[in-house]
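Would you mind keeping the following structure in view while I ask a few things?
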């Protein structure tokens, strides 16, 4: 079976690359991946998958960081102009651009969930002959949107894995659920899909990322750990302006509240039971030099090696921000802009996946238990499955990159696509095959 | 009349000095001026004044910074051992050591209030041959209590003024109220007497201070202004200790709350309508280097050129302290330890007093409208009288001093006593004489 | 003479209004008042004044807040397109748009300096039928530039005063210097003119403002005081970014430095000798939520009732900003963006001006010693003259206003123009007439 | 051999307990363990060890937190009065109370170092019938000094181990170095002994603690890890006082500097590579409510799971404290009051020790790799040996305790003494026996 999968991956390689470049050119961000998601849905449907999208796979209440309806409409129109499928797009209105393709193989067996993230970054791509996507004509034509994290590759891999599974379906038992997720950047999308229940029946949950901390083709880690749970918060302070020379006492100083909060946020006692983090990445406020500043915003994030530790940091942050506002008699509005759970791969599933990776004979360096040191909202899918007694494993698949992730000259070695397709399809078929 | 007064002041000069030295030797502080007050009461009574003390002149609820009952008892005993009058002391239990002597002259006329403060400082007097009180044997024998602000002189002046007024009483109309006040240091005493109503019927309120900013014998200002209103606060924070290495997250950090409050207290926007001040004079907290600090105290004061401006600062301070405690999830207890009103001398009464001072021919430099730049709780008496349509004036009477006020080598030129007696008695008789 | 001046002011009223409206329509800001200044220069020259501009009246080193050369060029071109005089504009390259017109009357007498400010605000004018300038077709056509403080009126008054003085020149002795100043907003322009020595020989310095705190036609204060000295600072912090999850220890946190500075700036001990102020009106920093913020800017100002007190605040501010940067191992660049001296009108000159104002019979309410409570860089001219033994007086001339100064619907009662012309010309001729 | 050692430990049990109680009764703290150390030296000498003390084993420059010479003298006198050995005490003047006993077994073999800490805590022992040491008459008679951490037991164990080793010396090869250390509390003593070179030739370094986190008799961990490196700092700020009402601008506010430092210390970015800690346990400053506070002290500590991470925290702390002082124009003096290295037991030596512990058949619960989560300055000895290619292991030996470590009712189950003696002597003889 693994040999057959390797052969199919090789056969579909050109299509995979071509699909990746097509998605790269029409990069879409966050919840607005209308074109991408509608094409994914159409393709899956054509391959015989039962396809769910819109409210079927997204819990509206759990969506974080959704753009204004004006903004959403603008992106719908652009997507249609750039070749989105109108039928499927129609089901995704409001940014509900998650897609799930399900195939039941008709024989008793486990349910395997695979996660592919589809969204690009808020970046403008480099226009520079030395940058291959530009040089070869597939650079993003959507200003302010660029695949700088390889999710174009992830989606293309997902499509090819779907093709392969449909080819070998007669040999499989159980069920597969292909989850195509929007808004991974800013960790805003997975929670809404998880809350819609899409992985509640999953026994084995698989995820992966190209590159990241493995920067050589042929490297693989099949059981990455150390996913930091995280919460992203915006705090908007509103005070009262006044002339700083004539009547400073009338003002309510929002910047003073925000600055006091900022310092005290960094001063939260760290947790004795494991890694925690806090950062205020952005602060802005005030309107004029001689006016008591009446507005301020903090954009911050907390993290923790477990969801409990992150929750400790998060609740301390909320208390500090509210206390600081009260101190300076200003109002504050807190908005949750994103979040991810903390988790790690299960040892047993990671081992099994490593065994397959070795059998495939496509990788030459195996790094066990690589530590993510950051946040990925796939952790919501993973930890939900783990809570219900299933197992989860997350792979990092090595590739050279031309610039750091999230940089305007990012690109990767497309040879990694075939390796990833083989690995993901290989592990999946192994899990879905009676042995 | 002024000539007669000058003559009496001269005649009683030796007694005044001797009284001052007696009080100096048995210095008593704050509310515990049992010996001093009981001797004042006894003397006034002997001179024919109607004497009120204890609850008659002190509103218990308005007493600030009262020592523990153990402490009070200890001072009562010491006072008795050092010659206090047991009869009068018996009326002053609980620290209610204010004394008012009233004399009604039987003819229609105004009511004049005079204020004399009796308390010493929390200081230990220098034992040094170069320090006259020590050298001449009248240094304080009560460790930790020393007249370092001249209130011994003020009280002695008050007694002599009382003698003079009783001598010339047949020539006077209206009524005089001699107010001997405890606990001026820390501005804790006047409010409780004022709240007891002692100046509610006063038409002219007079107060004075020796030395202060006039450091030459012969100088006088009869209409000092710029009394800063003030509030003294103690803030006690209580958190929760924990081991700073093993479990910092369990602690509730009282020092962090107090330090955040401290900085933000200084950062209160100053008032556009006039002088305001804030100071945190003392901060303490924590028990061990490796323990999250669970206790902290701030001792602070606000001031304002008007009571309104001080109230603006005070209420902002309270808000900041409470906000900071909430921020760090610690409890805070606020206690008001003292307060004074903001006021200035009335121009008309100041003018009239200056005229008398000139006629007395005892002063050679007249400084109008000297600015106090600090707080004195006589302002409670003055502003109450002013609110009710009366007038108030506060004099500063020059004298050389041997060290700054509140220092352990403080002493003053006793020639100032006779000048002050003449001035105070002179202005009072002028006000009480039909003209 | 006063009668003749009143008559001329009446005669020229229509021209004054028309000139004001012309300047209003082509509003120019800061140092870029090319059109305005070139027309002023041309007009003064035509009236027989000796005209100085560019480097003759501006000390380049003392110019604060000058735009980039690109920006300056853009404004030069716009000015030419909108009717600037090319000859005079040619002398003003680099933003040196100050103009001085001098007339020597050929007889011994004092030198009188008059100051008129020419610049508009960084504002976009309201487009609204209820807003007269829009309704009557003279609203600013330059987006982002609007006369929202009445300097269009001030310049028009200056031109008409110049006409009147040239009409009555045979009756005058001494010399007049008409100073037309750019960049009063942000207090950036006067210092550069003062440093060029333009008022070094002035005996009487006069300035004025329409409206401000006198909001009724017919009101006047001829001796305003309480000009707060001020310094405007920008502080740019530069740290080092790093990933807040993976390697926070590598970052150098510019926002933390800026926030610590901000709070401590507000906490500077206020000066015991008089009013001081500080405000951080704007703070911005950081690039992404998960990146240790590597840049931050503070825009602040200090003020003091005297230049010494402002300097105390300013030097404390610099020390705090540098200390905070050192604390967090980030670099900081401080730039002075504006400044004004602290001063008050001289009593004698104010009295003399009030007498003239009364004789003119154009005003019905005289408010002595009105307190500015803010900053105006005319104070540089005033205090330089005062330091050299001359006198200075600043008038506030009442007018109704349709919205607050610096608001997009600001307008004033143009009847105030004639009154102001009469007053300024009247006082000037009085000073220049032997009596 | 192990059987013989168990037998000897049993035989000497009564003496061990008696010695422990003797030391408990005459508790000595920090560097002033004159009586304890002199008796240790005398005993070791009597057993045939070569004994080194004073400057031979203590590097004076590396001593931290040494009391004043007055204080030292007072303790020397008390020690003599309580039975110290005058000869040995004479060598320890200046607090150099470390003792090293060396025995060379005359045959080639490794050098084994054993560390025993001797000092008591700054505590006053509970006087309470329920507290066994009080009830049975061996409570500390030295007020303010109490063995609240079991070091009395550690020293008694050391003496008995010395006896046993001297008994079995003919069967041993190599060399043993018994290190009796003062001033472990506050982590002040080990560094000075390590710097004197006492472990530079050691191949195997052993240390241990009774109780701590193992609170049941029979528990043992032979390879404890997670020793946090730490630095203890005192920061003394000195500013300038001034009257907070009259002239706040003259003051230099030490409390404001200290409070700003405190908050920013807690805000140091935590290290991405492992655990770090910071705590300001004590802060004090100021003299009077109305005086700008001119003095302040912070007592703080940093920690890190490695010495590098602690050094990162420590150097950031120093920078912040100095920056804060510069910010507020006050002076600051930093003093290092203690420090410890970060380390962990070596796996191989820990395994070997666990094997011995099992063979001894005295323990019933083996906890591998227990995490200390705190600091112990034995880490200086361990890491020096590890740096030079040797191995180190630290055991925790379980015992019930009657109250937490460092509490006034602390006591332990003396049955643990014999177990500890057997373990320490057992592992040592194993290492010194050819196999």
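Lettered A, B, C and D in written order, each chain numbered from 1.
One rule holds for everything that comes next: a residue touches a chain if its C-beta (ideal position, glycine included) is under 8 Å from a C-beta of that chain, and two chains touch if they have at least 3 such contacts.
All figures in this text were calculated on a predicted structure; none of them were measured in a lab.
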item: Minimum number of chain-to-chain contact steps, chain B to chain D; value: 1
item: Per Cα centroids, the chain farthest from chain D; value: C
item: Copies chain B and chain C - rotation angle from C-alpha fit, nearest 5 degrees; value: 180
item: Computed distance of Cα centres, chain D from chain A, in Å; value: 49
item: For chain A paired with chain B, centre-to-centre distance based on mean C-alpha positions, whole Å; value: 69
item: Centroid distance [mean C-alpha coordinates] between chain C and chain A, Å; value: 54
item: Shared-contact residues (touching 2 or more other chains) in chain B; value: 245-246, 248, 253, 256, 260, 263-264, 266-267, 269-270, 272, 277, 292, 373
item: For the chain C and chain A complex, residues of the former touching the latter; value: 186, 228, 230, 232, 243-246, 248, 253, 255-256, 258-260, 262-263, 266, 277-293, 296, 299-301, 303, 337, 373-375
item: Complex contact set, residues of chain B against chain A; value: 245-251, 253, 256, 260, 263-264, 267, 269-273, 292, 312, 319-320, 322-329
item: Of chain A, residues touching chain D in the complex; value: 263-264, 266-270, 272, 276-277, 373
